[in-house]
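These are the structures in question, set out in turn.
The same chain A turns up in both complexes below, where it pairs with chain B and then with chain C.
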Partner chain A sequence: MGAHDLWLLSPQLAMAALACTALVVDLATGRSKLVLWLSLIGLVIPAALSIALWAANPADTLVFFGAASVDRFSLFFTLLFTGVAAAVIVSAEKYASRFQEQRGEFVGLILASTTGMMLLASANELITIYVSLELTALPVAALLAFLREDRSAEAGMKFLILSGVSSALLLYGLVFIFGFTGTTRLDEIFARIGDLQASGGFDSTVPFGSYGLLLGIALAISGFAFKLAAAPFQMWVPDAYEGGPTPVVAFLSVASKAAGFAVVLRILYSAFGSPELAVEWSALFAVLAVVTMTLGNLMALPQKNVKRLLGYSTISQAGFMLIGLAAVSANTSAGSLVAGPQSVVFYLAGYAFTNLAVFLGVIAITNRTNDNTIAGFAGMGRRAPVTALLLAIGLISLLGLPPTVGFMSKIFVFNAAVNSGLAWLALAGVLNSVISAYYYLRVIRAMYMEAPTSDERITLDPSLGVATGIAAFGAVLFGVAPWFLLRAAEIAVRSLSGVAGS
Partner chain B sequence: MTEALAWLIILLPLASFVAVALVIRPFFNRWSIAAGWVTIAAIAGSFVLSLVAAAAVFNDGSIAYPSRQWIAAPGLVIPFGILLDPLTAVMLVVASGVSLLVQIYSQGYMRGDRGYARYFAYMSLFTASMLGLVLARSIVQMFFFWELVGLCSYLLIGFWFTRPAAAAAAKKAFLVTRLGDFGFLLAVLYLFFQGGELLDVPTLYEAIHAGLIATSVATWIGLGIFAGAVGKSAQFPLHTWLPDAMEGPTPVSALIHAATMVAAGVFLVARFFPLIELSGTTMDVIALIGGFTAVFAASMGLVANDIKRVMAYSTVSQLGYMMLALGVGAYIPAIFHLFTHAWFKALLFLSAGSVNHAAGTFDMRYMGGLRKYMPATYAVMIIGGLSLAGIFPLAGFWSKDEVLVGALENGSPVGIMTFLLGLIAVLMTAFYMFRAVFMTFHGSWRGGADAEAAANASAHPAPQAAGGHAGDGHGDGHGDGHGDEHGSHGGVHLAESPLVMVLPMGILAAAAIFAGILVNPPTALGPIEKHFFGEYAAHNKPVFPTHEDAVRAGAEPHFNLVIALASTALAVAGIGLAYTFYGRGQASVSLPAPLAKVHRVLTRKYYFDELYERVLVNNLFYRRFSAAFEWIDTNWIDGFNYRVTLWTERSGRALTHLQNGQIQAYGTAIALGVLLTLAAYFVWGA
Partner chain C sequence: MNLENVLLVSAVIFGIGLFGVLTRRNVIVVLMSIELMFNAVNLAAIAFARFTVPYSLAGGPVSVTSDAVRQVLTGQAFAVFVIGVAAAEVTLGLALAMAIFRRRETVEVTDLTTARG
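Right, the complex of A and B next:
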């Protein structure tokens, strides 16, 4: 451990320090507005450090004896999480009045969870992964219950218990992996598996070459599937989304999911990226993708509550991302190996903009109407023209129509699937897109074609307006000009050894 | 010329579109006059940059800026970039130059219109789309701007959308051109399947010169591209939209007819000229359709009474010339004719608008004697007319002659045939043009809009709002209501148009006189030795790898004195004929019976509207095909859809029962999920 380690880990450390500062300032002054703006300004530090590290691109990325790897993959996500945390904190400016005296703690907990996510994206070792995962999840459980109502408490409780169950599964899986390979470091696991394959230690009649590895990987994926909201591990999502405070739900749906995908991508491509293993887990993700998309979409159809609807929407979007995980090309030329993970990372970043636009738009409207039903959005095109427009852009992007980033994301994911010989999966994705049109457009229809229930104009707060505007602008910008983000995603995934290795 | 400056050519009008549409119109509509100035400033910027670009091309020849990747996923690469070659440079100068003058003119013409800001927003977008089209390096990019051009023309033709005739004309223009666009789209897809890298134009050129494209492939792709051009350039048989497109504001017509929409088709064929040239079949099709259209459209112009429609037919006919030239391989004369035509045709349209400003109508039967009241308009219209007719030494003379020489020197039967068609069109062009001039300006004043309204009132007993007759919308008298609908042009006020309108016309008149000098710079007056335009356009290595290729495409056309004299004689004869019949400003001429029949066929536009709308669309399409499809649709497809929808929704509802809120159930689902995963691996794995 030395100065180099600290420099590499500085974004995470800055974020942790910021979380503590927020809590201390809240305790000392009790002025929640101060805490909020202080943290927003403070978020510039981890963001700046991440950018500086990305630019510096140090050759030695391993930190603390290989416990974490601060490469461009993790930095991509570090930046993403910082941005999402900022948007969520802004969105809570007005909403936080419902939190009574815990307003300051809200910010501290969000930042603590973000720290966990940043560590998770860079974790290179099984135990670090586990600890970071818990650091990510526990504050969220508390935050979900922040409203101090029955539904909110229920949301927090359900999340806590099911998160515990999935952690147990994950831990069990990690134990098997450790037992089989004798190490907890991902790069060493990759090397050990390579040795075993070379020395004939693998049984080609058994999935993954051995039962130990099969149990380990399958259980670990099941544990992570909770975070990704993949079926059948997604049951908590609608209840938590409906009951939890909306800013927390936005955080959960954007940042938490991205963190889950980040760690899954890293484990799969760093530790289990060899072609023999990839074929095996690719099949699992293909099935999970279809089940998740379809289930999420079908169950979204009859929903009447927008937050619950967005919960199912989150599930179906996770299904689309899983297509990218399944898209492991049998053709091992470097170009085609990149396509799958690149499309997932692009999707996640685009989804962050898109979904934030949607959630912030919903917050802006429901802050005033206090009505989460679709009917409550009737006539918003006239009552809140700007907010409704931004919200509509987000919904169009979720649906995946040009010129939004959602369209590009789906194109890339489907393209990766087709290039990996999974045309049927792409087709299933297209059909699911069609189904999703029904419920996304229903909200838009309510806003623009139904008569408003009142004539009262709903103005947009400047800070929330700016955040929503940025999110919607990003959703359009990266739909029109995707190359910048696409290139960044490619650079990010190329730092995973399984992608760059061949 | 840096790449950023080249992008700026597109971005300036695009920025003005955004500024006008999203800022000025919604928030500052009280100061909508700013919309005009913003647009003019932006397009002036584009024009200056276009001149810089043209100069850069003069020095460096074809400049291909780096090809960038819009989408670059493995297996799916879509490039974009800027290609600046002589063809682009000529189009840039024409499009931005004409557009600039049209915008200045519009400041006067559109003043007081309620849609003033909207008008300039559309015009900015239109100009940006056209500039984007000609600068496109990738074919996908080209297609994108191509469609944007189509969209903008729809918006502008239907600008006064409250008038049913305008709305119908806009729809017609959009649908008819879409028909051609479909061919273009198929060609793009076919090319894409030949190899994704061919979507990049310079790469495509290299592949063509390396002999990598088979002739059969080139034929189909060429025909598809030409189909797109036929739609946009209103060539036979997709010409029907253009005369109706006169429903748009007159400056829009000037822009559409001179520099943007219709020129886009010629540009497209020229852009793919190396590919099209590979296939003799495609070339012959293009030449014959072009030649036929030149005569066919001119013949309808002979009898039209609406001054704008005369110009419209004239445009179709002149575009036929350009297509004809491309089809016989005379690439450079075609571009040259496009260049000269842009100035004098814009001039003629703006003159027509100026006439309308005074007379309140476009129907020449109610004009006459305007020479006295609008001397400036009269003078510039004579200049434009002489240039169009091809009288020495005006611009039209040089380019038209080169086209004719190109057709004759091609030597093939198709070449001879198109040459003769071209000569016939010369006679007709001179006649219809000067018929229009005499009917409008000579003789005595026949009352303008007031007289027209009175005539309509007596012809149609039922009180009828201006705005086109629903019933005989395709017959004569279609021009009524052009003026009545929007405030400023209603009624008659016999006076010269304001300076803001006359000035652009004066500049265009100068161009109509001098644009032809480019073939014969003053330094080399006399027998033509130096052909500046030819040299300029031939300075294009990717298209013409060798000097011989350029010469074959008409870089050094011979001056054929016989043809020059013959075509001039025909033009003079046409003018003389027009003077005989209409020289004293007659509103109509009585014809002997057999000619009257021809006259009727011509005024009814050869019954093509009837053929398309009644026979093809209504009878064949709606009654037969659509009826059959409708039956299939309601009985099979809808039934299927209905069931799918029903079951989708039902399964959704059924599945929500799983979501019972019990955490035990959720935990069970997780456990089952894990077990199923493991079981699946044990059963199907290995």
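Right, the complex of A and C next:
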């Protein structure tokens, strides 16, 4: 512990300091515009520190006695979260007129939650994981309740209650894992499970080798499902999405989901990466993937509210990502162990661009119309041509058509599934993609084929337009030329101890 | 007094909490039930730390004293962190309940149905 630890943890520390600065500046000056731009510029610091750390690639990545591991995997996500936070803050600039007085707090809470996510992506120890998880969830619950509407407070309450129940389940699972292995550090858990397997302490007739571990892992995974917006904890999503402020919902669906997948990937590979266990949880995730995709898709079909529709869409997208989690080690040829997590990380990064384009487009339009129904988007192709185009690009990428990143993500995920002997799972994924075409195209059809309800033009706000443009550009760029992102995802995943070791 | 008994009590408390969350209609009582689940977890964490034979004593390659001490302390630290975070969670929950009550004069979960598909 010393200067080296502080240097490794500097992106997280900078983000925490930025969150505090935003709150203090807001309190001292009361000029929320200043806070907004100050924190946007301030976000450069954690981003620059992450890039510097990625380039330096220190040999010893463990921080504070192994509580966190700042490797390239966590730095990849750190950069992703910083970018998402910047986009969300930009999008809140105009939207925030609805909560004028608390704009400074809004920025502070977003940054606090981002700090939690950055810690979550690097946490290497069960207690740290739990505390960071709550640091991401609690500010979001407050943010969801930010609008002065009934639905908003309701969204915050539902989110908080379900977050509480899921983290209680998660904790119960973590405590059993701790009780079974006697340690909370992921690398030590891995070592002790290895010792137990070697000494014949595992019962091969029981899943995961013992009932203690079975209970621990099953409870922990169902707790994490809340973060991922996956079955069996997906029911909070539509209500929270419909009621909450749209920028917060965008933050929730992109950053929060990525943080959940980051921590699940790290736990699975660093602590439970041994082949005997991997077969078991792979089967578990295969089932969860099918249930999540199908449930999200079928529920999305009859929706009339765009935000609610995107809520169900985010559930089904989580299902596609779960396919990548299931795709491990059935064939333990050298490449296939990287392919699964690599496809998940690539999917998450692509999904960040895609979904931000969609949400920022929705914000740009609904800021003016104040109408979240699909009917309210009628004729937007004429009323707001640029925004509608960017929004359509995002929707096509969510659907997974070329030349967008959504297409590439699905190819890589399905490919990883087929290579690890889960062809049926890939098939289920393809079928679900076809179903999802119905509701994504419905929004596009409303924008381009239906007559507008009024002739008033909707101009695109410059800062919001730039953010939406970057997101949509990324969604197309990484669809045409995915190699850079794919390579970064591979480097990130290879720095996870369980992946590189085997 | 052994590990199984304490874990059984913990599981019963956890079950009561979960049952409360699923069946109670008042938001305040739901928050209390969540608190019950957290405390069941605390009980289990401390029991594991106290009763499981430390790995080193079972023949593991780690020095006996420091590892045994660390395991006991880890379980207790776990509980302390859970207590702290649970307090924050309940504070936020009560604040939201107040916000809802001011508007609606009710904190019944069954009345929270504005968001519908």
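Basically, the second predicted complex is superposed on the first by the 501 of 502 C-alpha atoms of A that agree within 3 Å, B and C clash if a C-alpha of one lies under 4 Å from a C-alpha of the other, contacts with A are read in each partner's own complex, and residues count from 1 in each chain.
Criterion: contacts are C-beta pairs under 8 Å (C-beta built on N, C-alpha and C of every residue); 3 or more make two chains touch, one makes a residue touch a chain.
Owing to the predicted nature of the structure, the values given are computational and were not obtained by experimental measurement.
Engineer: Of the two partner chains, chain B (first) and chain C (second), which one does A:232 touch, if any: first, second, both, or neither?
Structural biologist: After superposition on chain A, A:232 lies in contact with chain B alone.
Engineer: Looking at the overlay, does A:214 come into contact with chain B only (first), chain C only (second), both, or neither?
Structural biologist: The first partner, chain B, only.
Engineer: Quick check for you: in the superposed arrangement, does A:395 touch first (chain B), second (chain C), both or neither?
Structural biologist: Neither: A:395 stays clear of chain B and chain C.
Engineer: Given the touch rule stated above, what does A:384 touch, chain B (first), chain C (second), both, or neither?
Structural biologist: In the superposition, A:384 touches no partner, neither chain B nor chain C.
Engineer: Could you tell me if A:147 is touching chain B, chain C, both of them or neither one (first, second, both, neither)?
Structural biologist: Neither partner.
Engineer: Figure out whether A:16 sits in contact with chain B (first) or chain C (second), or with both, or with neither.
Structural biologist: A:16 contacts neither chain B nor chain C.
Engineer: Kindly classify A:322 by the partners it touches after superposition: chain B alone (first), chain C alone (second), both, or neither?
Structural biologist: The answer is neither, since A:322 touches no partner chain.
Engineer: Now for A:156: first (chain B), second (chain C), both, or neither, which partner does it touch?
Structural biologist: Touch partner of A:156: chain C, not chain B.
Engineer: One more residue to check, A:206. First (chain B), second (chain C), both or neither?
Structural biologist: In the superposition, A:206 touches chain B alone.
Engineer: Under the contact definition given at the top, report the residues of chain A touching chain B in one complex and chain C in the other.
Structural biologist: 157-158, 161, 165, 169, 238-239, 299, 302
Engineer: Given the complex with chain B, which residues does chain A contribute to the contact?
Structural biologist: 157-158, 161-162, 165-166, 169, 204-208, 214-215, 218-219, 221-222, 225-226, 231-233, 235-236, 238-239, 280, 284, 287, 295, 298-302, 335-336, 338-339, 342-343, 408, 411-412, 415-416, 418-419, 435, 481-483, 486-487
Engineer: So in the complex, the part of chain A that touches chain C is made up of which residues?
Structural biologist: 126-127, 130-131, 134, 138, 141-142, 145, 150-151, 153-158, 160-161, 163-165, 168-169, 171-172, 175-176, 178-179, 181-184, 192, 195, 238-239, 242-243, 299, 302-305, 308
Engineer: Over in the complex, which chain C residues touch chain A? Could you list them?
Structural biologist: 14, 17-18, 21, 27, 30-31, 34, 37-38, 40-41, 44-45, 47-48, 52, 54-55, 60, 71, 74-75, 77-78, 81-82, 85, 88-89, 92-93, 96-97, 99-100, 103-104, 112, 114-115, 117
Engineer: Can you list the chain B residues touching chain A in their complex?
Structural biologist: These residues of chain B touch chain A: 68-76, 648-649, 651-653, 655-656, 658-659, 661, 663, 665-667, 669-670, 672-674, 677-678, 680-682, 685-686.
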